[in-house]
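Structure record follows, encoded as structure tokens.
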Amino acid sequence: MKTALAIAAAVALATPALAQQRIPVGHLMDNSGATSDVGVPYGQGVADTLAWVNQTRQGVAGRQLNVLGFDYGYQAPRAVSQYQSWTGRDRVVAIQGWGTADTEALVRFVNRDKIPFVSGSYSAALTDAGGKSGRQGVEASPYNFFFGPSYSDALRGMLRWAADDWKAKGGQGRPKYVHMGGNHPYPNSPKEAGEAMARELGFEVLPAIQFALTPGDYTSQCLTLKQQGANYAYLGNTAGSNISVLRACQTAGVQVQFMGNVWGMDENAMKAAGAAANGVVFPVRTQVVTGQDAPGMETIRAISRLSDPTGNVYRPVHYLAGACAAMLMVEAMDTAAANGGQVTGERIQRGFYERTNWVPKGFEGVCTPSTFTNEDHRGTMRVAIYRAVVSGDTSQGSVAELMRAGTMRLEPVTTVELERKRELLGW
Amino acid sequence: MTVMTPAGDFRTSYRADTTIFPTRGSRAALWAGLAVLLCAPLVLDRYLLSLLINVGTLGIAALGLNILVGFTGQISIGHAAFFGFGAFSSAWLHESFGLPVLLCIPVAGLMTALVGLVFGAPAARLKGLYLAIATLAAQFILEDFFARARWFTGGVAGRLTESPAIGSFALDREESYFYLVLAFVIIMFVAAANLMRTRDGRALVAVRDHYLSAEIMGINLAYYRTLSFGIASFYAGIGGALYAHHLQFVSVEAFNILFSIQFLGMVIIGGLGSIMGSLMGAAFMVALPEVVQAAADALAGGAIDRALKIGGNISFLREMAIGAAIILFLIFEPDGLARRWKLIKAYWKLYPYSH
Amino acid sequence: MDGTLLFQLTLNGLIVGALYGVVAMSFVLIYKASQVVNFAQGEFLLVGAWMCWWFLTEWQLPFVIGFLFTLVFMTLFGIILQVVVLRPLIGEPVISVIMATIGMGIFFQALMKWIFGVFAKPFPPVFTAERVSVLGLEVQTAYLLSLGISVAIMAGFGWFFRYSRHGLAMRATAFDQQVAQSLGISVPRVFAMSWAISAVVSAVAGVTVGMVNGVSSALSFYGIKVFPAVILGGLDSILGAVLGGLIVGVLENLAQYVDSQWLNWGNMYQVAPFYALLLILLIKPYGLFGTRNIERI
């Protein structure tokens, strides 16, 4: 009894002291909204990694991270109101964010409050850190960061590949390109950039086709696609609604090469779409995927065990990307805290500029090297294109089993290195 | 003027019959309550204040809906769209014409009222479920309009809004914005209470109670039904504008069908045809997610949490709580919190001789 | 102009429209029998489809047995909802009843997402041939089957209301509850039965759509599509509901055609039925085929 009391007293005394020392970090997730299909694995990756940092590295400079998670259901207004509560009440120093609409809406807020914001949105409008591009609607966003190629750059890379693919396949005349996606800031983000690039590469650009971010029956869209005679179609939505399109188009007998957004395809979607997903190409942000080996994969497995002690859960590409995004923030915080420095938003932001070809320690061979400068937040210009290969029935068995059996595979197609053109900054 | 309500009906004039605060006690309570609210920013933290601000903005809009549903007997499943229209109007007026925000808010209310009249005119011919379905259509059509009209709403990306300012003093913090909302709440609620004492207000109630009898008594049905839509939209517009300048960001995503249903939920939970009930309903709807969150936090890490995976699914739990609250109130307390409040008051008034 | 596309879209509209018709029919059934406007009709599809999916994948039941289990479950589900939620509300104003069904809709939609997640999940393949070519349009076998089932259900309804004892009781109740009661019809039983039948028929539609597109929360949107259909067809006409469903299906696809050829606005597919709905209510406040309520004082 006495010891119990003593422990209780010790805990009561220690808690406020500890709480004061913990570093508050916000984590916006979509676990329930339109993009939760990919938001869940990404958010899990971020959460597990931050928990792992707390557990194995004692947080940042000996101070634990106090990660405040919030599921905003992909509704930008809810993200904004949560942001206000975080800055007003919890005084977060950095935020792990998610969608394009909310990230773009928050740009002005995070600039004002000087809070680094690592988004799951790779909208090119967030890369113009100095605000020097002079593009309409693009503001200076010195506090916005993300891990991977921007949506526009990823699409440019895929179009580059598509142009070669068309020649390699011996296609006659000009190939036709069409942008497909919902009317939402996220699918719209690379639309104009992609169409401009496609024209430049000699594609005929068809009028865009719209489909909602939610699953549904998209037969009529596929019939339109078929009638247009498109050869290459970009799927701008996340995996959940893309599956519906892929299945409907398979039924309607549409012969088109689909190119997915980074969030547009993954292992879960391959299982759900089955043979309809076969042949879809999409960019992968990390250097490896689960099942392949690299020095850093050991760390990923350790992180994964935090939320899955059995070690059996398959971690899709988004989980790995989430881990890398979280680690960029953690290492920038390390830099801020180095030599007894304060961990403030401003110092964390400067921490992002410390390294070039930056791969977080322990993640070698997993995270693609990133370089941020105070004018250019395009972390990488490298677009690694993979193809989803589905060679059998996917309705039985888990993703892990299907991947192991080779029924589903992620096949590297090519890696496109884009030039870092100044005039394309922020677009 | 007595302290307590007399035990019988001793009123001798219409004036006495329509007083809002009949006893000295109720007036004292009013002033005391107001004083407490005025002190709120001094003691509460910013998060709690922002919750109170939400109660105020949503309460104003819910009152509008209550005038439509509770007092006139019409139905609207598109209230969030009008709320959104007010929010976008105010943001648009400020950005395009540089009107001061404090002026934008009432003008946005008027613009929304106009739109409400446009949708209300055909609605005057409809009632009951046909009207419900028509307003449902209005909800989807307005949502689509918001997503398309870039010039007005900023398109799907939404629009940033500014804080209001008095002279050079910006009301950009919860502490100061709270007073603005409080002022609007008082004005709008007093206006509604007064409206119900006028000929027009009684006409609305007559339309609700039996529209044929009302028509026979010389009440112009179409006029009052349309008017009611206009008033409801005005309130929604004011509420929306206040919401927009508080959040400093408006986007079409907020004004979806679920939000419309939440407004209806506020009216039903607060009490159909009760002015203060609208505010109680709004407070209930604002508090509900907080309670759910608190419950989930209390369970976090436990066996129940692990079995049901509450942590990652808290949003669904929140939505379920809204649905369940609406159903439970309809079954067990169809007259809402306002009646419950009256019962509690009556209980204590008669205590300990409650029989 | 593109003739083939127009034709294929129209055909697609008819196929989808038949499903809308089935859902609209079960909506009208409830309305006719108990004067309740069911805003949770879409959730019947959702619950039915998820249950069937669960039986087939988690329990590994063969399709026919799993499907029968689903129907049994939906019968109970409909009856329980009616008894627990709607029976206490008999005699309450329209708004209360509408809100109760809306509340149920929100509740079950969130519950299904909680239990089964938000990802669209595919049904295990049921038919050996996944699709068939109909007049140049590749159609999922499940859709064709649903067309057959829809026609069968419609015929069944026709027989039920004309000749069966229960159907006649239901019609009598719809006509006048008091008179029906005095003739010895158990009105509460008729109410419960109408909900059960409605839930079962909706579940059939839900399973069909689930087989084609995978099961996901999108299914509940069928419940919203019902409104344009029944306003077109009239709230109290079963045949009208079917017709309304077909019209809405075709209308959506024609809107998509117009949009893809000339406008390029996007989203016309979703909104067009609602414009049509408002237009009809403007001209004919009781719907195209609905009977006007004559009120006496």
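Residue numbering begins at 1 within each chain, and the chains themselves are lettered A, B and C in the order written.
By our rule, contacts are C-beta pairs under 8 Å (C-beta built on N, C-alpha and C of every residue); 3 or more make two chains touch, one makes a residue touch a chain.
Keep in mind that this is a model prediction, so the values were computed, not measured.
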Remotest chain, subunit C as reference, centres from CA atoms: A
B-C compared against A-B, more contacting pairs: B-C
Subunit A and subunit B: spacing of chain centres that average the CA atoms, whole Å: 39
Centre distance in Å when subunit B and subunit C are each reduced to the mean of their C-alpha atoms: 33
Subunit A residues counted as touching two or more neighbouring chains: 32, 183
Multi-partner residues of subunit C (at least 2 other chains): 113, 267, 270
Residues of subunit B whose C-beta touches two or more other chains: 147-148, 313, 315-316
Residue ranges of subunit B touching subunit C (in the complex, touch as defined): 69, 73, 75, 77, 122, 125-126, 128-130, 132-134, 136-138, 140-141, 144, 147-148, 212-213, 258, 261, 264-265, 268, 272, 313, 315-320, 322-327, 330-331, 334
Interface residues, subunit C side, partner subunit A - complex: 2, 4-5, 8-9, 12-13, 16, 57, 113, 118-125, 130-131, 137-140, 209, 212-214, 216-218, 221, 252-253, 256-257, 260, 264, 266-267, 269-270
Contact set on subunit A toward subunit B in their complex: 31-33, 40, 71, 73-78, 80-81, 84-85, 88-89, 101, 104-105, 108-109, 183-185, 188
Touch list for subunit C against partner subunit B, complex: 37, 85, 88-89, 92-96, 98-100, 102-111, 113-114, 224, 227-228, 231, 235, 265, 267, 270-271, 274-275, 277-278, 281-282, 285-287, 295, 297
Touching residues on subunit B, where the partner in the complex is subunit A: 45-47, 50, 147-148, 156-158, 160, 174, 247-251, 253-254, 312-316
